[in-house]
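Heads up, the next two complexes both have chain A, just with different partners, chain B and then chain C.
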Partner chain A sequence: MPLIDPSVVDLSRLQFALTALYHFIFVPLTLGMTFLLAAMETVYVITGKQIYKDMTQFWGKLFGINFAIGVATGLTMEFEFGTNWSMYSHFVGDVFGTPLAIEGLMAFFMESTFIGLMFFGWDRLSKPGHLAVTYLTALGSNLSALWILIANGFMQNPRGASFNPDTMRMEFNSFLKLVFSEDAQAKFVHTSIAGFVTGALFVMGISAFYILRRQHREFAARSFRMAALFGVISSLAVVTLGDALGRLDYLVQPTKIAAIEGLWQDSDAGGSAAAAPWLLFALPDQAAQTNLVEFGIPYVLDPLVAHSFSTNIPGLISLEKQAGPRIKKGIAALNALQAYGKDHGAAALATFKANESDMGYGFLAQRYAPNQDLSKITPANQDAVVAQAEKDTIPNVFVTFWSFRIMMILGFYFVGLFAFAAFFSLKNRLERNPLLLKLCVWSIPLPVLACEFGWITAEAGRQPWSVYRWLPTFQAASSHSVGYMVFSLIGFALLYSVFIAAELYLMFKFARLGPQPHQAAAPEAAPAPMFAAPAE
Partner chain B sequence: MELYVVLKVVWAVLLGVLLSGLAVMVGMDMGVGTLLRFVGKNDAERRVVLNIIGPHWDGNQVWFILGGGAIFAAFPTLYATSFSVFYVVMILLLFSMIMRPVAFEYRSKVDTKKWRGTWDWAFLISGALPMIVYGAAFGNVMQGVGFHYGWDGQYYQDESFIFYLLNPFALLCGVMSLALSIQQGGTMLMLRGEQPIYGRARKAAIIGGVVGVVLFIIGGFWVAHINGYAFTGPVDPGAPATPLSGQTVAPVVGAWLHNYAAYPILWVLPGLGVAGMLGAAVMNLAAKPVLAWWLGAIGWIGAIFTTGASMFPFLMPSTTNPSQSLTVWNAAGSQYNLSWMLFFALVFTPIIICYTSWCFYVMRGKVKVEHVADDEHSY
Partner chain C sequence: MGKYFTFVGLGLVLALALLLAVVAGDYGPWYFAWMVGTVMIVLIAGCGAVLFDAQHEKGEGEI
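Let's turn to the complex of A and B:
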């Protein structure tokens, strides 16, 4: 089987990354806003105060502008596995497609059906009826994230399936192992809560904008307080879950964690694992396998990653060397598999079974085999092939190292920001802190940025694999022509640019406009003491 | 029969159910999108048209997404191959599909002629193009597509996309699919619209139904003269699913009618298709849109199951390497996977049907121009 044109692979990766990152500009806000809306409406139903209904409806309108593009760009994701990753779809569709299908049945149908009622059903449903609809929408969108991340969890740590040489694909064999994959569960909570942080900062930032302008005072003060409290809890939780994920990566994806930490040598290389520094700053050089500049805090790495003071964390250089023997076994596995495909012989099957767990490493060697044909690898040229393929087993360290750091620094920044915001909101001293309010406004896009870098950390750190240790990314693509890829990339670029322009235009327009006068001046609203005189 | 074979057959039927659900529900919204510029002569009317399906389009669209997910899981090799082989049209389909949610949400948000006029065109494109592609995909798949597999299951494409873009039989299927979507969409507009939208929608729905039924019948005769595919050797339906299984297949003119010759009871399916489409047109003529809607749905189901029954067990034959044609037997997921998927389908489908019906029930009644103008949540 010939290799796919490397430029087609690169363009396919570029397209997938761009469409996924773009989709993920909108998803976190959806995840978080649905629950914030549900919380606001709950207060409305319990207290009967009109202002909470106004809040639900106004924030719901902004939510709707965001939601539409989230849905639209999600369509692309569901189909792109088939259109651009055909080998991947064939290879793991039996186990990876299932959570996607269940997501449609269990979650997306629920979210999409009830969101129609959430927007259109205000006058047709009872108060509790409408509240139930809002909760079902929130539940649906978050369940959706659950199944998507179960699917992603399989790519990170393939469990619940085994390779079947008779069908040349991974086949599903344990529902429980797939669903209760620790990676999937931790990542689901981490991602959902990152969405809550995004939603909270969105509401808090826009409310801060109104408070700064002395507009919609009561509306803004109440929205701000709810969002700030929601944000304090969420940002603490997102950091905690991030730590849990890091530890899981240490256990199941050592190459990712070493790349995240810029760790070329083993952590005990300096004598003691405990003393190894956690790098604050580094300029990794992939070719020289070292950091050009680095600066870190000693005694932090080991407790942070391994939750221990005595565990050695393997560095990238030794991880790369460990891959050598696995590549050799992988070559044997694939050659046996190809022979088995032709004759279904017992001998070939036995050889394959003996080397099965390393078959993915065999794929890595194909690039460097004579004529890109694995069967042409002989004991004489094997070591040269393996030496080249070894280099491919570690991810791009610079990208992984820095995207992780940006995400993490932002995470801690959110904890601080929400803590101050909640404190001053509870003390009713927001108007005297314009600097904090301005910071809140300017921070609105930052959670989205953190989410994007989180995705890059997770996905770039998994390279060269699309399915960890089973299928390399460059083997997973569809064998298109460059022309096809240029056509689709240009189309996506044009369409998505128009969308984001329209969305930002509308978002700014309606956020500036604020809640409509007849909403904000609702008679039943009992003004809070501090904001007794509305500005309008 | 062994369990695995039963599961494969059940999932083939469920594939038909999904494609029917998609055609009826998404097709209806697409038809409304196509008709928007023609049944709504001014902005107030067009807003009424959009608000008729406003609360439902998002839920309906999940049929499309679920269709993709279910084919991915239940027939992984079919998903992997068909979406890649049809790359250019799949991407065009995606481009037009992703315009639609944005158009719904954004159109009414700015009150200028230029803004709204632009989104109205987006509705036309995102309504008509996907339906043509949907029908044409059936037409192309029936004639086979040029592809083959490497030893590891990677597909290779053997022909240019020009062939499946400009293919007369496929175009006929595409136009038929568009006509049926206009029938279903027009009927929906009659259900919840008033004059003058009602009258215009009725005319479009009747024309759609008649065109649909005529093309369906022409297609039926045409099929006798195109290549179908038939096994020329033994087949083991329960074998592990791989297109490299060693089945032997050859193209045979008229083979797509063999199943009907062997099991004449199957003629019920095209019968249902014709009766449904024609009946819907008659009921629309008689101004009975509720009956027409259900008959139109039966028409769609009849047409899709007619195609499925004529091809069974083939899913996507290969013109360049017929023995690697995809069938229900060699493209399905594993037994374990199909069992779990069936479990989830059995649990959730009734629930989905319940809440979808409830949603339509809550939003029942006519949409009036003044409602749309008053309600700030409307599109």
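Let's turn to the complex of A and C:
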């Protein structure tokens, strides 16, 4: 099979990265705002106070703008798998397509239907009925994320499928293994809760803006209080789940965790694994396989990553060397597979089965084989091919290291910010702390930034694989022309720039406008019982 | 009669919730944590609002 033009692969990656990162500007807000709206409406239904209905409706309007403009862009990505990643779709479509289809047919439709009811059902549904709809919208949007993250969990740690040499694709054999994969679970919770943090900071930041301007005080103070409490627990949870994800990476993706930690040598290289420093700052140099400068805290790396004081964490240099024998086995597997394709012989099948688990490593060698043909690799040239392919097993360390650091530092910043915000809100001392309020306003975009860097960590750290240890990214793309890729990339960039401009314009406009005067000035209705008898 | 049905209905919901908790706790501990945690986060945010109302009913004007 000829290799796909590397420029086409790079352009496909760029296009996917741009569309995914763009899409993910909007997703976290949806994941978090919906539950925050549900919390506000719950208070409205229980206390009967009009102000909580106003809050639900106003923040619901901003949520609606975000949903209408941003969330549907996820659909383009589902098509991209078919158009730009057709080899990938062929190879794992059987497995990957299932959660994607469930997402589209069940969760997305559920979310969209209930969103319609949520916006237009205020006068048509009973109070508890409308509340149920708001909860179902929140559940639907988070279930959407769940199925996507199950699909992504498969790419990080393939579970529930096996390769069939007759059809040349991965075939599904366990739905439960796929859905309950630890990676999928931890990813879903980390991402969903990251959305909670985003929603909370959005509401808290805009409320802080009103408090600073002494506008809509009652409205803003209540919104601030709810968002601060929502955020303080969510930010703690996001850090906890981040730790769980890091440990999973250590267990199943050793190259990713070593890149995240900028670890070139094994952690016990200095004599003791326990004493190995956790790097706060480093400038990784991929070519020289070292950090040009580094600064770390001793005795932190091992407990943080391996949850132990005596486990050696393998560094990138030894991981690269460990890939050598796997590449050789992978070459044997692919050559046997080719022979099996011709004669369907038992011997070829047996050789393939013996080396199957390293098949993906064989693909990595194809680039460096004579005429890019694995069957031309001989004992004489094998070592040279393997030595070149080994280098490709390491992800880009600089990008992975720093994107992780930025996400993590922001994570701890959010814990601190929400803790102070909740404290001063509970003490009713917000107006005496304008600096804190200003910080809240300026921090509104930061959770989105943390999410973007989270995805960069997850995806750049997984390289060179699109499906970990099974399919390299450069084998996964479609064989388009460069012209086609450039054209569609420019098209996306232009269209999405218009979308983002429209979103920002509408968000700023409605946020500055604040709750409608009739809403803010509305006298607070007397509390009504939750399940009041209908008027005669 | 209506109360009886409500009682049975709530009993069924409880049994379902326990079953879900046992299954999810065994096979999907993080999923289970998400379900419990999300409900908790929503309730705590709601309690914060109710507390705000209580504080301000006592006449604290500052926010």
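One rule holds for everything that comes next: the second predicted complex is superposed on the first by the 524 of 536 C-alpha atoms of A that agree within 3 Å, B and C clash if a C-alpha of one lies under 4 Å from a C-alpha of the other, contacts with A are read in each partner's own complex, and residues count from 1 in each chain.
The rule is short, and it goes like this: contacts are C-beta pairs under 8 Å (C-beta built on N, C-alpha and C of every residue); 3 or more make two chains touch, one makes a residue touch a chain.
Because the structure is predicted, anything quoted here is derived from the model rather than measured.
Peer 1: Put the two structures on top of each other at chain A: do chain B and chain C fit, or clash?
Peer 2: Once chain A is superposed (C-alpha atoms), there is room for both chain B and chain C without a clash.
Peer 1: Just to be sure I read the superposition right, which of the two partners does A:121 touch: chain B = first, chain C = second, or both, or neither?
Peer 2: Only chain B; A:121 stays clear of chain C.
Peer 1: Consider the C-alpha centres of chain B and chain C from the C-alpha centre of chain A, and write down the angle between them to the nearest 10 degrees.
Peer 2: 90
Peer 1: Please determine whether it is chain B or chain C that touches the greater number of chain A residues.
Peer 2: B
Peer 1: Counting only touches as set out at the top, which of chain B and chain C does A:13 meet: first, second, both, neither?
Peer 2: neither
Peer 1: Quick check on the superposed pair: does A:39 touch chain B, chain C, both, or neither? Answer first, second, both or neither.
Peer 2: second
Peer 1: Looking at the overlay, does A:159 come into contact with chain B only (first), chain C only (second), both, or neither?
Peer 2: Neither chain B nor chain C is touched by A:159.
Peer 1: In the overlaid three-chain picture, which partner chain does A:23 touch, first (chain B) or second (chain C), both, or neither?
Peer 2: Neither partner.
Peer 1: Figure out whether A:226 sits in contact with chain B (first) or chain C (second), or with both, or with neither.
Peer 2: The answer is second: A:226 touches chain C but not chain B.
Peer 1: With the two complexes superposed on chain A, say which partner A:104 touches: chain B (first), chain C (second), both, or neither.
Peer 2: A:104 contacts chain B only, not chain C.
Peer 1: In the superposed arrangement, does A:180 touch chain B (first), chain C (second), both or neither?
Peer 2: A:180 contacts chain C only, not chain B.
Peer 1: Touch check for A:462: first (chain B), second (chain C), both, or neither?
Peer 2: neither
Peer 1: Report, in whole Å, the shortest distance between any C-alpha atom of chain B and any C-alpha atom of chain C after the two complexes are superposed.
Peer 2: It comes out at 18 Å between the closest C-alpha atoms.
Peer 1: Quick check on my understanding: which residues of chain A belong to both its chain B contact set and its chain C contact set?
Peer 2: none
Peer 1: Considering only the defined contacts, which chain A positions touch chain B in the complex?
Peer 2: 1-2, 57, 61, 64-65, 67-69, 71-76, 78-79, 81-84, 86-98, 100-106, 108-110, 112-117, 119-125, 164, 166-169, 171-173, 175, 337-338, 341-342, 478-480, 484, 487-488, 491-492, 495, 499, 502-503, 506, 509-510, 516
Peer 1: Which chain A residues qualify as touching chain C in the complex?
Peer 2: 35-36, 38-40, 42-43, 46-47, 49, 52, 142, 176, 179-180, 182, 185-186, 188-189, 192-193, 196, 211, 217, 220-222, 225-230, 233-234, 237, 241, 244, 422, 425-426, 428-432
Peer 1: Show me the residue ranges of chain C that touch chain A in the complex, using the header's touch definition.
Peer 2: Touch residues, chain C against chain A: 27-31, 33-34, 37-38, 40-53, 55, 60, 62-63.
Peer 1: Give every residue of chain B touching chain A within the complex, in rising order.
Peer 2: Touch residues, chain B against chain A: 54-59, 61-62, 64-66, 68-74, 76-77, 79-84, 87-88, 90-91, 94-95, 97-102, 104-106, 109-110, 150-157, 240-242, 244, 333-334, 336-337, 340-341, 344-345, 348-349, 352, 355-356, 359, 362-363, 375-378.
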